[in-house]
Every structure is written in C-alpha cells, then in structure tokens.
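Shared chain: chain A. Partners: chain B in the first complex, chain C in the second.
Presenting the complex of A and B:
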C-alpha cells in the first residue's frame, strides 16, 4: 500500500513538475510558427527523458551513488571538473530563465515590471531552500504545478484534428524557415531532455534512501510521470497552433504568451496561464538551484542533503545561496528571460553529449550496476536522440545567430 | 592568436547584426496587431487585468512604430511604401487609442476601435503576403 501511494505521488509530482518556462516557451513558439509540425520533437525528447530518468533512479537504487558521485569516482576529478563547468553554466542560464518566468507571471498579474520582482522572487526561492526539506521541495512545488493541467483542458476544448496531431509525430521539413524550424527543434529537445533533472532525480533517490526494491517503482514513475508530462507539453503546442497561429501571433515576448489560453478558456485562460507559469517556474527554480548545489557538493565531496540544517552542510547551502542571488542580477538589468530561455535550451542540446555520454558509460559498468546495467534498447534510444540533438544544435545554432 | 580571432569575431558580429528581412518584419507587424486584438478581446470579457492590457497595447503600439521606421527602408521593389506606412500607422494609432480607453474603462468605444483594428489586421496581413511573394 505504501509503495502504491509512493508511485501515485511520484507520478503526480512528475506531471506537476514537468512544465517550466523552457518547455512552455519552446512549445508555444513552435505551435505559433509551424502548427503541429514540431510535435515529433516533443515526443522524441520525452521518450529520451523517460529512459534517462529511469536510468538515474536505477543507478542510485542499485549502486547507492548519485550520477555526480559515480562520474567523479569512475572518470576522475579533472574530467568531472570539465563536465561541471559545462553543466553549471547551462543550468545557471536556465535558472535565470525560470526566475524570469516567475517575475513575468507576477508582472502580468500585478502590472509591476519583472526587474522589480527579480530580487524578492530570488529571496523567496532561497528562503524555501534554506528552510524547506527535500520532500517539501519535491512534492509541495510539484503539487502546486498541477495547475498546468489546464493546458490539457484548453487543448481538449479547442478540439484539434487528432489525425493531424498523430501525423505530426513523424518528422517532416517545412517549405520555408528551415533554419528557424531546426533551431526550434533543438530548443524543444533541450527543454525536454534537461540534464539537471537527472542530477536532481538521482540525488533525490539517495535523499529518499532508495534500494533495489524501488527499481520497479522507479520504472513506473519514470514511464507514466514523464509520458503524462510530455502530453502536457504537446497540449501547449496544440493550443498555440490553434489559438495563435491563425492570427499570426508569435510568442516573442511574455505578454504575447499570456494570451495562449484566452481563446480556449475565455473567462479564466489568462489567470490559469499566469498561475501555471508562476508555480511551474517556481518549482523548476527550486529544482535547478538544488541540482547545482548537489553537483558542487557531490563533486567536491562535501556534506550534502536538503534535509540537513544549513549549519551542518554550510558549503552546500553557500552554493545555492550564491547561485540564486547572482541569477537575479541579469533580470534586474532587464535581460529578456525569453531570449535567455531559447539560448539556454539550445545550449542544453549542444552540451547533451557532455552530460549523457559519461552517464551511458556508467550505466553499462558492471561494477556499479551488476546485472541491472543497461540493455541495448536503452543505449540505442538514448544514444540516437543525443546524437540527433547534438547534430541539429551544431548546424542550427550558428545559422540562427548568423541569420540575425 | 588574438589577431587571428579578431576578424572572425568581427565577421560573426557583422552577421549577427544582420537586420531581419522585410517579410519577417511584416510578420512581426501582423503578430503585434493580432496581439493587440487578442488582448483587447480578453479585456472586454473582463478576463484580464487593466494594467496588463494597457501595457500590452502600449508595447504593441511601440513595436509597430519601430517596425514601420525600419521596414520602409527595406521594402522590396513593387511594394508601395506609402500604403504600408499608412496601414501600420493606422493600426498603431488605433492601438494607442485603445490603451487610453482601457485607462478610462470605456468599453463601448473600445469595442468600436477593436472592430476597426480587425479591419486593419486584414490589410496588414494582405500586405505581409504581398511582401513575402515579392521577396521570393
């Protein structure tokens, strides 16, 4: 009975915590510009994420190591340090974007500009980290994020042509704007396959003291939770394709994104969008701050646990304190969070091999996994998706930048 | 090393600063007129806050003026710049007036202006299609 409750809670938190500024912005831009045509990218990214999250939990449950612990131990500190720089830089950009998302949600609700919200929002996130426990952060924020289910209601009410939706799960090239299409595909893949989620999930499994008896539960949570989360991303794209595209409205700024659900849900769509972004970005900001602190603490072999008092793991608390406060600075200087989001998501795709390839080596190492190591299906799916993301990123990012 | 990288850096900067094409700017204009229309509809239904609506309308107005200024320099041959200029100016004027009416909470006049904006929207869309066809 306890396991069933844990599975249910795990799936609910996966769904509630799935959407964040990256997945919403990239899916909305894709729907507004290309209709259903980029649905395949969300589906592909979600499939890859299911495998990666399952792998992260399995590594922790079997080996009692987080990904970072095992990576440092297996490949040595110099290699780990190289990965750390890449991952932390990208995660830092994503954190700026999430804090910006909270600020923007508050801006459209209150009328006060997001730069004014940057510092108060950062302080609230920091306070939650300082005072909260792991389960509060994992479950509390994700439960609030369940308001994002309103995207599914909106998509359902718009009554899309489901055969076109199904057909778009196979990739096709557009007749025009191929560079923008490629760049959006890369950004969607980056938003779906967020490496910080793997670090957060494997650290969470250690915090929750998982053992081998959790392997089946881990599989169910990763499979159902991430699939339902991916469906929500697909719904965002569907809503944008039906509500914004016919009017030619692009999602270049947050006030434009705020209109996403006003066609499907005329009375409450605006407020549901604002609260969806507020809670989704808040949950994601907590998870990323925690993932960065885990990365440093586990990499440098410091004490770490969100369940300990900050005085018992001072360096761990110091990292998230600094990173949260520094992330507020660009927002106070009016840096546009939507631009940061798109850049962060594309860079996530470009740096995926750095995060995933060493992880694949670990997952095939009998010393860590024994008989639970990866099979060829898992290796092939993850390897192929990472390769596609990387190649698309290498081609489309320079073209997008050079094309202005 | 720095001397070798400098020309590459300058080239990247020059390319990165490449202005958007006329059809991209027209698409952006369509997007802002559409944004103003959707924001206006939501406000009339009392489904969005006054401040958000006013700020979004002001942002649309400003964006259309900026687009108009840079677009007229880059229109392809065969497109009458006066027609484009007047369509964008008319839309941005209507949007600016709508922002004022939000401040005054004047829904009836707002409705009238919104209907005019829909007419503007159709014209701007047709012009965007023409510009795109000329550029191809």
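Presenting the complex of A and C:
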C-alpha cells in the first residue's frame, strides 16, 4: 500500500514539473497558431520524459545516489560546476515564470496586478518549504494539482475530430510560419523535458527511502505520472486549437490565455483555468526551488532533506531562501512572465544535452547500477529525442531571435 | 585503487553517518626511500576552486578571510582515519570536530536560527 501511495511523487513531479506555465503557454500558443499540427511534439516530449524519469528513480533506488551525486563523483568538480551554472540559470528563469504564473492567476481572480503578488507569493512558497515536510509538499501539491484535470473535461466537451488529433501525432511541416513552428516545437520539448524534474524526482526517491523493491513501482509511477502530464498538455493544445484559433487569438498575453476554457465551460471555465494555473504553478515553484537547493546540497554533500528542521541543514535552507526571494524581484519590476517562459523553455531545449548526455553515461555505469543498467531501447529513445531537440534549438532559436 | 576514480569527489561520511562534504583534493608525500603515499584528504575551500582555475582558488581564499567562519581552510583529514572506500568514503572522525561543518554552523547561527521557525542547530 505504501508503494502505491508513492504515486503522489509521480503526480507532483508531473503536475508541478510537466504541466505548469511552460507547458500550458507553449501548448496554448501551438494550438492557437497551428491547430493540432504540433501535437507530435508533446507526445515525443512525454515519451522521452517517461524514460528519463524512470531512469532517475531507478538510479536512486539501486545506488542510493541521486543524479547530481553520481555526476559530481563520476565527472569531477570542474564539469559538475559547469553543469551547475547552466542548470541553475535555466531553472531560475523557469522559477520566475512559475511565480509569475501564480501572480497572474491571482491577478485574474482578484483584479490586483501581478507585480503586487510577487512578494507575497514567493513568501508563501518559501514558508511551505520552511515549515513543511517532503510528504506534505508531495501530497498537498498533488492533490491541489488535480484541478488541472479540468483541461481534459474542456477538451472532451469541445468534441474534437479525434481522427485528425490522432493524425497529428506524426510530425508534418506547415505551409507557412516555418520558423515560428520550429521555435514552438523546441519550446514544447523544453517545457516537457525539464531537467529540474529529474533532479527533483531522484531526490524525492531518496527522501521517500526507496530501495530496489521499488524498481517495478517506479516504472508505474513514472509512466502514469508523465502520461497524465502529457495527456493534459495535449488537452490544452486541443482546447486552444478549437476555442482560440478560429477567433485569431494568439496567446501572447495572460488575459488571452484565460479565455482558453470559457468556450467549453462558459460558467466555470474562467475560474477553473485560474485555479489550474494557480495550483500547477505553485507545485512547479516548490519543485524548482527544491531542485535547485538539492543540486547544490548534493553536489557539495551538505546535509539535505526537506524533512529536517532548517537549522539542521542550514546551507540547503539558505539556498532555497535566497533563490525564492531573488526570483520575486524581476516580477516586482514588471518583467513579463510569458516572455520569460518562452525564453526559459527554448533555453531548456538548448541545454538539454548538458543535462542528459552525462546522465546517459551514468545510467550505463555498472558501478552504480550493476545489472539494472540501461538497455539499448532506453538509450536509443533518449539519445534520439535529445538530438532532435538540440538540432531544432540550434536552428530555431537564432532564427526566432534575429528573424523576429 | 584508482585515486581519481575511487577517492576524489566522493562523499565523505563520519562515524555517525553525518555528511561532511566531498574529497576535493589529496596530499601525497614523496619520500626518497619510501613509495609515494597519500597522507591527507582535503575538503572544500581553495583546493576545490583551484581545480577549475588557480585564480578562482586565490579568490576563494581571499573571500574566506573577509567573510564566513574564518576557519583554517582547507580541512585536512589524515588518511589513517579512512575506514572504507566504497561508493562513499567512511571516516573514523566526528564531522563537527574536523572543521568540515564550520560553514554549515556559521550559516545556521548567522541566518537560519534568526528566522522564526528555523530551529537550533545544536538541539538533538
């Protein structure tokens, strides 16, 4: 029973790490601009993520080491430091975007502008980490995050043409706006395959004291959790394609995104969207702040656990305190969270090889995994997706930035 | 034993299973008549940053003199205290007595304990 309840780790990793401002914004933009055509990118990202998350859990359960532990030990400090800088910068941008997402959700509910919400929101996120335990965060955020199932209800009510939905799972090129299409594909992959999610999940497996007996359950948790996130993202895209595309709405601003569910659910759609964003971004903000603190603590082998009193792992608590407070500053200065989101998602894609290539090496290392090493299927799937996202990122990001 | 693969950057754990940083450097002694041998494991401080660039090592030394627990860095653990070298390195020491936790304690006392609900680092 205890093992089955660990499904909450999958749900929080998924709702917090997968379905958050990044996935909602990129999927909504993709649907509004290209109809169902970019569904394949979400499907591809989801498949890759299932493999990556399963790998993160397996590494922790078998070796009792997280990805960060193993990376520092196997590749040495200079390489670790290089990855630390890259990952923390990107995760920090994503954290700003998530806090902005919470602020925006509160803005459309209350009418007060999001910059006013930045500081209170970051204080609430911090307080939850300061006083809460890992299981409180895990269970609380998973339970609240379930409101995002309303995206699926909205998609169902709009009664899409399921055969064209199915056909869009295979990639095709659009007739126009090829650069924007490529950029959106990169951003969707970046929003789905977020490295901080792997660091969070493998640390969560250590916090929940997994051992080898969890290997089978880990597959179920990773498969179920990430599929849930993937299906909900697909629903966001479907809803945007049916409700926003005919009206020519492009989802460049948050108030436009808020209209996403009002066609399908005229009475409750507005509030369901606001609460979905609120809880999904809240889960994500907790997950990213923890992931950054875990990254430092594990890399330097400080004491770390969300279950300890802050003074018992002072450096760990210090890192998340500083990160959360600093990330509120750009929002107070009116930085647009949607723009930060798009930049963060594209940068995530571009830096994916940095996170995933060393991880693939570790997953093939007999010292850590013995007979539980990766097979050729896992290595090939992850390798191919990383290559695709990297190539897309190299082509599309400069084109988007310089070509407008 | 392959020193770089098996010792450097490995987790150091004390007698009570307390995490106490990672092996950031090693001191090796070369005698005229004896074989070269490891005398100490170094933890943190300039040794670590020096591995990226000597300038970073010097900068970290200067910073540590201006700010922080002002303890003697880097921390040196005699090799004779090494109990086992496996996935982690187990040491027959008490982490707090070695100086490896000086920064942890300094940050706890100067920041964390001063925030309500932070608790106290010394309480069991």
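One rule holds for everything that comes next: the second predicted complex is superposed on the first by the 387 of 404 C-alpha atoms of A that agree within 3 Å, B and C clash if a C-alpha of one lies under 4 Å from a C-alpha of the other, contacts with A are read in each partner's own complex, and residues count from 1 in each chain.
Keep this in mind: contacts are C-beta pairs under 8 Å (C-beta built on N, C-alpha and C of every residue); 3 or more make two chains touch, one makes a residue touch a chain.
Keep in mind that this is a model prediction, so the values were computed, not measured.
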item: First, second, both or neither for A:40, with chain B first and chain C second; value: neither
item: First, second, both or neither for A:269, with chain B first and chain C second; value: first
item: First (chain B), second (chain C), both or neither touched by A:310; value: second
item: Partner chain(s) touched by A:111 [first = chain B, second = chain C, both, neither]; value: first
item: First (chain B), second (chain C), both or neither touched by A:372; value: neither
item: Partner chain in contact with A:318 - chain B first, chain C second, else both or neither; value: second
item: Partner chain(s) touched by A:253 [first = chain B, second = chain C, both, neither]; value: first
item: First, second, both or neither for A:81, with chain B first and chain C second; value: second
item: Residues of chain A at both interfaces, chain B in one complex, chain C in the other; value: none
item: In the complex with chain C, residue positions of chain A that touch it; value: 63-65, 69, 72-73, 76-78, 80-81, 130-131, 300-304, 309-315, 317-318, 321, 367-368
item: Parts of chain C lying in touch with chain A, wherever the complex brings them together; value: 4, 8-12, 18-22, 24, 44, 48, 51-52, 87, 103-105, 107-108, 111-113, 115, 117-121
item: For the chain B and chain A complex, residues of the former touching the latter; value: 12, 15-20, 27-28, 30-31, 34-35, 37-39, 41-42, 45, 47-49, 51-52, 55-56, 59, 121, 125, 128
item: Touching residues on chain A, where the partner in the complex is chain B; value: 108-111, 244, 247-250, 252-253, 255-256, 258-259, 262-263, 266-271, 401-404
